[in-house]
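For reference, the structures are reproduced in the following blocks.
What follows is a pair of complexes built around subunit A, which joins subunit B in one and subunit C in the other.
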Partner chain A sequence: MIRIVMAGTAFSVACSLQPLVGQDPVIHVLAQFPALILAGSLLGGRFRLPQHLTGPTLVLALVSLAIWMLPRSLDAALLDPVWMVAKFVTLPLCVGLPLAAAWSHVGSVLRGFLKAQAISMLLFLGFLYTHAPMRLCNSYLVDDQQRLGLGFVYLACALILWWIIPVFFGQISSNKKDDDNDVSRHRIELR
Partner chain B sequence: MKQVTFTLSAALLGCAAIWQATDGGRAVTAEGARRVQIAENPVHVPPVSLETMDGSLQMWPAQGQPILLEFIYTTCPTICQTSGGDFAELRDHLTDKGLDVPMYSVSFDPVTDALPELQSYGEAHGASGQPWTIARPETDAVAGLLDLFRVTVIPDRWGGYQHNIAVLVINPNGEFAGAYDTRAFADIRSAVEAML
Partner chain C sequence: MSATDVYSAESGPNPQEALVKFTMLLGGVVFLLMMVFGLIMRVAQGDLISLDPEMFYLLLTAHGAGMVGSAALSGAAILWFFSARHLNLRSSIYIAFLGLFLAGVVLILGSIFIGGYGGAWTFLFPLPAMSGGLWEAWAGVMFCVGYLLIGVGFLLYYLELGLKIASRYNGLLGGLGWRYLFANNSTDVPPPTIVAASSVLVFNTIGIVFGAAVLAASIVNLLLPSFEVDPLLAKNAIYFFGHVFINATIYMAVTAVYEILPDYTGRPWKSTKLFIGAWAAVVIFVQAVYFHHLLQDVNMPAWTMAVGQVVSYASGVPLIGVTVFSLAVYIKGSGLKWDLPISLLTLGVVGWGLGSIPAMVDGMVSVNKLMHNTQWVPGHFHTYLLLGEVAMAFGFAAWLVRDKAVTTLSSLDRLVFRAYVFGGAGFVLVFLWSGASSIPRRWAVHYEQWQLQSQLASGFALIVVLATLVLVVRYVAGLARRSQ
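== the complex of A and B ==
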């Protein structure tokens, strides 16, 4: 219940940011997008996903996220009402929810890979948005594009602090849940 | 095995979706999409009345020959001035090859850009009216033109604008048929030559 309330709150926050997203890509991509994804992932955490659907579910989340990383999708979400609605539907239901639902089945190697990939992709986007010689979004000013690029870099740095640094100081984040998953995977392989 | 099949199918579908979302891997930006889509599906340009810098009114576009245009505003301190220079270079590039194609710099800010502003912009960039002239539509036609040519104009914070500038090509049938980088002189020339 509390998760549903929190998801609703995150979704409402995302909706309340809508009047601001046309002016500021940082609010659009680094506040509204995460709020929508968070709303979906709060719903997906309790989802009991069959093991054989983990792969397709993860692919759905990654493909949807990849499409929303295209600069043209940002423009489309501002200029085309269909894309605007699609944003509010697909970011929670095709990115957040499937990612959270699949995550408990994902092994630690793939988890590490996905985290490293997320950081390197953010740094790549940061470089692209700060150094592109032209405007990537027709709807945003050059200065704002560069601010968004810096935002990607800051987010990447935050994730490095959160995910990577602890790895060098032993398994701080390793918890019982991960061990349970490892055990269940072994059982499946044995069957 | 079932899991592998499911995951591979999903991955294939995912690749197809990304292929679709990028116009076959050709466009990741809205401007790229405009260029790809317009080249494949030309759009009819309805007749518009333009006031050119010599004060005459022209019904536009004239049929039977290709036309080049770009959208500008004359009070622009930065990119329009660069693109004005690019348009002058394009004119020289085309006339050197014996191509006499009408060229228009069309203001999307006709309220500010009255006749004197159009003339001084033309003078500053060496537009003599033939083949290149500076023009403005009527104020209530601007929104329709920007929509048709898929130009997004957003105000900057200093009273000016930023917009997706490109050299736009209207084919002899009066259709918007191409959008090019302002310095893609050779590409624009071959597009024009293919229409003659």
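== the complex of A and C ==
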């Protein structure tokens, strides 16, 4: 119940930001998008996903996220009511929810890979948005675009610290899949 | 070894052995082929054959990328093999790493020999996009994507190593041995191989991230030239990546010395505070020293030149002061019986140490102004690669297929080893001599008065190629013998 309330709160925050997203791409991409994804992921954490659906679910989440990384999707969400509705539906239900539902089945190497990919993509977007010689979104000015690019870089740096520091101190998240693959539990067979 | 180890030399075959043997075969064959490319270039510079300059730069690019790639591949195989003595590594990750690596190699070779990309292994921005009509943009993109695939492969490799080290030694700080070094916590001190693995995965992951960033930017620039990158920023990122990556190959390969030498001396290589401290210094120095590649860039801040020069000297301390000196101490009075594997491994450490000395000389701003674009620099890196990493790799390969009944150098082994040392030493000394004589590097065609050095170098290179050919054939024969 608490999760549903929190998900509803995150969704409400995202809705309340809607009047501001036309003025500032940073609020649009780095505040509203995460709030919508968070709302979905809070719901998805309760979801018991069968193991064999992990791959398709991850693909759904990553492809949906990739679509929302395109500048023209940002433009469309501002100009076309259908796209705006699609944003409020797909970011929670096709990105946040499936990602959270699949996460418990994902092995630690794939988790690390996805985290590294997220960081590198944020840095890459940061480069694109700060170096583009033209406006990537018709709805935003070049200055706003460059602020968004810097925002991607700051977010990437924050994620690096958040995800890397625990590795130095041994706080590694593990799951059943890793335990199954851990050959140290089968030492006698190996020898 | 602790009770939780999954494998020890006495417990049976290493579960990673077959994959590592295959990798070393690949690495050995590519080393040999790249040496042939190098020989052709030196012969052409000596005007002993006629070689189209365009082809020279294709060979130069393939030789550089291929040698760095083979060194990385063999170093990674060695580190994986010995890490598996202490950790539960999954073969599937190694297979993914190898697959991505080979896919990257295919793209790189395609970009060079089909696309005509000749912008050298350092892909210095904006060179990939400024071919002067020699190659199309797609060839540059293909080259960069090939590198990216190899980088992704290494990311998977280090993820697996990092996760297993962090789980086993209570975080990477445990794997680095820093709890023992700084907090005097002597419970569960990691063995030397794990200290090395932890250190390499920390600095090489950072290096690869910077490399990937500048590669991605270069690809965008190639496809959309209006997207420009600050060339000095790009150069910093490229040389940070390049310096860290090539050094990582040797730091991975040296684990063979830590693990194999005790079999010969009966003295285990210990994780002392000095040893762990030296590796802690390596983690810092190997990253901070890259500025010595940019001493000629006058618009770099002055402090970077000071750091580059000072750290160039400091880098020699953990290497020469600890690793080479420790090797001498472990060997002295041990009654070690020299055979081919241990001879090559010892040569590797000595060659690595000696190879750092010309780097320290060139790391001085006043010397670098004169020497940077001369053959002094290839003289330095050929010393620590040809007589360092490559010697360690062939020593490890020879150890993998050794005949345990044979504990001495056979006359053929002695001849091959001496030929490798003689040819290799002669080859790198001619490079250093040429550099001291201000003969430039990377020139396809040499003036007549420079050709004597190139001709002498060709002779030495031929000897190295022949010795390497025997080493590869010997390894294949060893594999065949052991599979029977």
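Just so it is clear, the second predicted complex is superposed on the first by the 169 of 191 C-alpha atoms of A that agree within 3 Å, B and C clash if a C-alpha of one lies under 4 Å from a C-alpha of the other, contacts with A are read in each partner's own complex, and residues count from 1 in each chain.
The rule we apply is simple: a contact is a pair of C-beta atoms (placed from the backbone, for glycine too) under 8 Å apart; a residue touches a chain by one contact, two chains touch by 3 or more.
All figures in this text were calculated on a predicted structure; none of them were measured in a lab.
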Touched partner set for A:Phe168, first subunit B, second subunit C, both or neither: second
Contacts of A:Ala76 with subunit B and subunit C, given as first, second, both or neither: first
Which superposed partner A:Arg135 touches (first subunit B, second subunit C, both, neither): first
Which superposed partner A:Val59 touches (first subunit B, second subunit C, both, neither): first
Subunit B versus subunit C as contact partner of A:Ile67, first or second or both or neither: first
First, second, both or neither for A:Arg48, with subunit B first and subunit C second: neither
Shared subunit A contacts, counted only where both subunit B and subunit C touch the same residue: 134
Subunit B-facing residues of subunit A, complex: 51-56, 59-60, 62-63, 66-67, 70-73, 75-76, 79, 134-142
Residues of subunit C defined as touching subunit A within the complex: 4, 6-7, 11-12, 15, 88, 90, 93, 155-156, 159-160, 162-163, 166-167, 169-174, 209, 212-213, 216-217, 220, 226-229
Subunit A partner contacts - residues on subunit B that touch it in the complex: 2-4, 6-7, 9-11, 13-14, 17-18, 21-22, 27-33, 152, 154, 156-157, 162-164
Complex interface listing, subunit A residues touching subunit C: 108-109, 112-113, 116, 120, 123-124, 127-128, 131-134, 166-172, 174, 181-184, 187, 190-191
